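Consider the two complexes below, in which chain A is the common component and chain B and chain C are the respective partners.
Showing the complex of A and B:
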């Protein structure tokens, strides 16, 4: 009975995984098919022979530029968000001040607001400030949007770093900032890595704000660029799927790069034990 | 090394008073212990001296210089934390070198100093290890080493031995004492363990509820406690207290509580009368309550006997009064036995019945 139950559970989970994985597999397969095989019905499951043609076409289009834009915006968004959220998170976790809980509550509330609700005011503001169609506006808006969440996240991680370590570093001859950078931050790396991934995935995948705030081809981001494979004359499935596959790669790479920072028990050994 | 002085220092956290009007000075090279139960303000005092907290009132002077408002790094004091506070991402070597790097000490000097301190503390084979690879005692030594490696004006120690097991604690206690004699350093040591305070200190400052109760040498604090709190807190077993009434008897005045009767000297009687009360509390250390070899003295019933090794503690009852006597194991009574007591009245302390303040003690320390 028990093994039957177990088999049932595994079958169910395999089914769920298949449903989740199938679209991705289909995208990868389609991107490698010669143009003629994409529209065949009944569909051919595997490309024969697989061809890199669509990838070459994507490479020769404006897509590399969009990739560069997206990478730049996502990276700088991480830098700005973490810089602001780290200091705010540190203040929240280490200092007692009036209105602290209200501050945290408002941060949470602000993050719960649907992003589209802010779109028109943000557009008008960016327009007045002459920031439309710049990297800066995207970085600022994305950071503004992600900072509240990251403050919460980082604050939680900083709480796990004992206050006596800050104190020890300060007595050992460092300023508060010195203690933060030399002791507290290195010990909060798992939190910073998790935050960086969340911010990267958001900035990389964001569509509506990028579409609204940029207009020229030079400033276009990947997600907006993908949309241009769908036109009134039809959908260029081959190039679209190749570009989609390429757009997944950076997210995986960032995750793998930061994964080694997810070391649990970073602070073990700090205190009595 | 420098002297440290606290002048009328107070500390409030919101409505609660952690420290009230504390004035105490620590002489250059002196080992002063702040002793008291948890929540008495002793760690707060240490944090105030280190600059981790700012007092709500009063002045803190280190080496004659007022340091209020100065950040910890400008005060040049070294501190050992109760939980050791080792940097877990750094090796023992890096932990020890950390304070030296703050002062931009040249690398060869760092190596020389760290290796020297590691050798003194016997942790030289461990310098490449991370804190999590060390035992409690080894971590404690690293924490101590991080303080010793510097050239501070004073050492502040916040219950550094409290997390060690009993045997190691005694060993480290002796080591600390040796270090203090060797370095001739100004040390302020916080503990709630009266035995540590008694064995280590040149002087002890006893605190309760943020108020200084008494400052003095261990002997003076033990023999002439300023009040009942100090008397009960200092000493392994605490003092016996008997609330008595002043009565006249044939040979002079006595303090009496049922069968318990303490004859008073003229000086003691005067002191009790000057209090304006006809009552007082007699304080007797357990070692000053003896079991007599003959049938003279007060008769008491033994309720319980605790074996300590070289001595036994006998819990006694005289009418309504309960006393603890510490006697040699060869005189150990048995439970329910009726014994006769011989008090060392000369060593007794008298406290005011209302305030608990010491009003008379015969011996001078």
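Showing the complex of A and C:
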């Protein structure tokens, strides 16, 4: 690539990142301001001096517990969703069978109903099964909601892994499942990593289901906890912004961990010879 | 038999639980509701009321503008960013993670922050514009600007989703295809159109469908950012549903709206699938 073009790309990316980050920058700056400087008019651009007070307050509240809950629920949701969706995605991309397209379409149908319309029936169902206020019900509902998307995604990604690789694996004596786990999945790792990130972000950000299906303070998730800083009488911007900044950290960590899976040109080696 | 065994867990998890809410809403949509209790059977009465109310058509039109604008903007920007971030660049991981940040902020918080930022009287954006000698601009007070701001905020919040998907799809393309194209002296644009785009098309299609459905059903962001205003300009059909259900307790009417939205979503999905298949054959 020519160096002029490279410079252009860097400038563009930096510009986009700056614009995307502007609202977040305001959040970060606000979280570091002493209480009295938050509502000044005209606004003060930088806190002087910056203070960690709001972070300390958040840390001393129930927030750490909510973080733990969210991490647990999000991680187990990833495990359940990917395990179930991987099998279905593989079947859909590798087999011809009756009802395949109908199956795919029906999966998406579950997302065509507006989310709020599902809320009351799911609440009734969960209470009838005695699952209210448990981790299990959140993991089940989140997985139920994300599995259709991930099946579609994995199926899309598997389409680009050549069929000849499955056959080669089976000629080498692997069973269907063996071919799936030993050959096909490793090649679709970028797709799996992307799916895991999407499921994590969903579970981490979901608010209305978590609010409806949990009732005790020990079971609350991060997003529900954030709402405690917003009341009819006003918003505690200092604590809220500090908590928001903290809530961003785990997702960035998960992304950086998974991003090692986005390895360049992986199939090129597999197809040689 | 094997494929059916493979899809069985998904079928149990999704279809068994998803069918129930749908049938529930369908049933309720034929009843008049009194507060939270189900009242008498009114047949298609709720639907008739919706069709006779002129605002219903606008609710759907507003949703159409919002969904179309947001999908076009986030798919386009997402694809551009993914292509650029697929190059070998310095700080590539940093750029990628950076773009992810707005996606992590919940809709309620995003809407609150945006409302503060663009407030015409004390928002930092307005103050900065005034400092630069530009006129006072009320982004949420004007009908067109409010819709524009809503689309912008929504794209800001969700552009990382298609970007992550496209990035993963681009990684799956064998590099020797590109090498072959380079050896044959094919231009970058032609390589993109004839190699990259066809190979990532399945993922683009899935992203378009998922984004359309989620934008159509969005509630928290518009509710907090514009509240449907000014003068109903951003009163999306999803907001109407929310209001009928949780502000006026017209649960029957709200269920009828949910069923109409469901049908609209289904029509949109079928359209995408048909459109992509037709394009694939040409």
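One rule holds for everything that comes next: the second predicted complex is superposed on the first by the 244 of 273 C-alpha atoms of A that agree within 3 Å, B and C clash if a C-alpha of one lies under 4 Å from a C-alpha of the other, contacts with A are read in each partner's own complex, and residues count from 1 in each chain.
By our rule, contacts are C-beta pairs under 8 Å (C-beta built on N, C-alpha and C of every residue); 3 or more make two chains touch, one makes a residue touch a chain.
Note that this is a predicted model, so its numbers are computed, not measured.
**Student:** In the overlaid three-chain picture, which partner chain does A:183 touch, first (chain B) or second (chain C), both, or neither?
**Tutor:** first
**Student:** By the touch definition at the top of the document, which applies to A:102: first (chain B), second (chain C), both, or neither?
**Tutor:** In the superposition, A:102 touches no partner, neither chain B nor chain C.
**Student:** Under the stated touch criterion, name the partner, chain B or chain C, that contacts more residues in chain A.
**Tutor:** Comparing touch counts on chain A for chain B and chain C gives C.
**Student:** For A:4, select first, second, both or neither according to whether it touches chain B, chain C, the two together, or no partner.
**Tutor:** Touch status of A:4: no partner.
**Student:** Considering only touches as defined above, state whether A:164 meets chain B (first), chain C (second), both or neither.
**Tutor:** First partner only, chain B.
**Student:** Pick one for A:173: touches chain B only (first), chain C only (second), both, or neither.
**Tutor:** first
**Student:** Touching chain B and also chain C: which chain A residues?
**Tutor:** Touching chain B and chain C on chain A: residues 176, 187, 265-268, 271-272.
**Student:** Please name which positions on chain B make contact with chain A in the complex.
**Tutor:** Listed in rising order, the residues of chain B that touch chain A are 47, 50-52, 71-73, 77-79, 81-89, 98-99, 102-103, 130-134, 136, 139, 146, 150, 156, 163.
**Student:** Which part of chain A faces chain C closely enough to touch in the complex?
**Tutor:** For this pair, the touching residues of chain A are 1, 6, 9-10, 12-13, 16-17, 20-24, 26-27, 41-43, 45, 83-85, 87-88, 90-92, 95, 97, 100, 103, 105-118, 120-122, 125, 140-141, 143-144, 147-149, 151-153, 155-157, 159-161, 176, 187-188, 190-191, 193-194, 197-198, 201, 204-205, 207-208, 223, 226-227, 230, 235, 240, 244, 247-248, 251-252, 255-256, 259, 262-268, 271-272.
**Student:** Which residues of chain C touch chain A in the complex?
**Tutor:** It comes out as residues 2-4, 6-7, 9-11, 13-15, 17-18, 20-22, 24-25, 77, 81, 84-85, 87-90, 93, 95-110, 112-114, 116-117, 122, 124, 127, 156, 159, 161, 164-165, 167-169, 171-176, 199, 202-203, 205-206, 209-210, 213-214, 216-217, 219-220, 238, 241-242, 245-246, 254-255, 258, 261-262, 265-266, 269.
**Student:** Using the touch definition up top, name the residues of chain A that touch chain B in the complex.
**Tutor:** The touching residues are 162, 164-165, 167-176, 178, 182-183, 186-187, 265-273.
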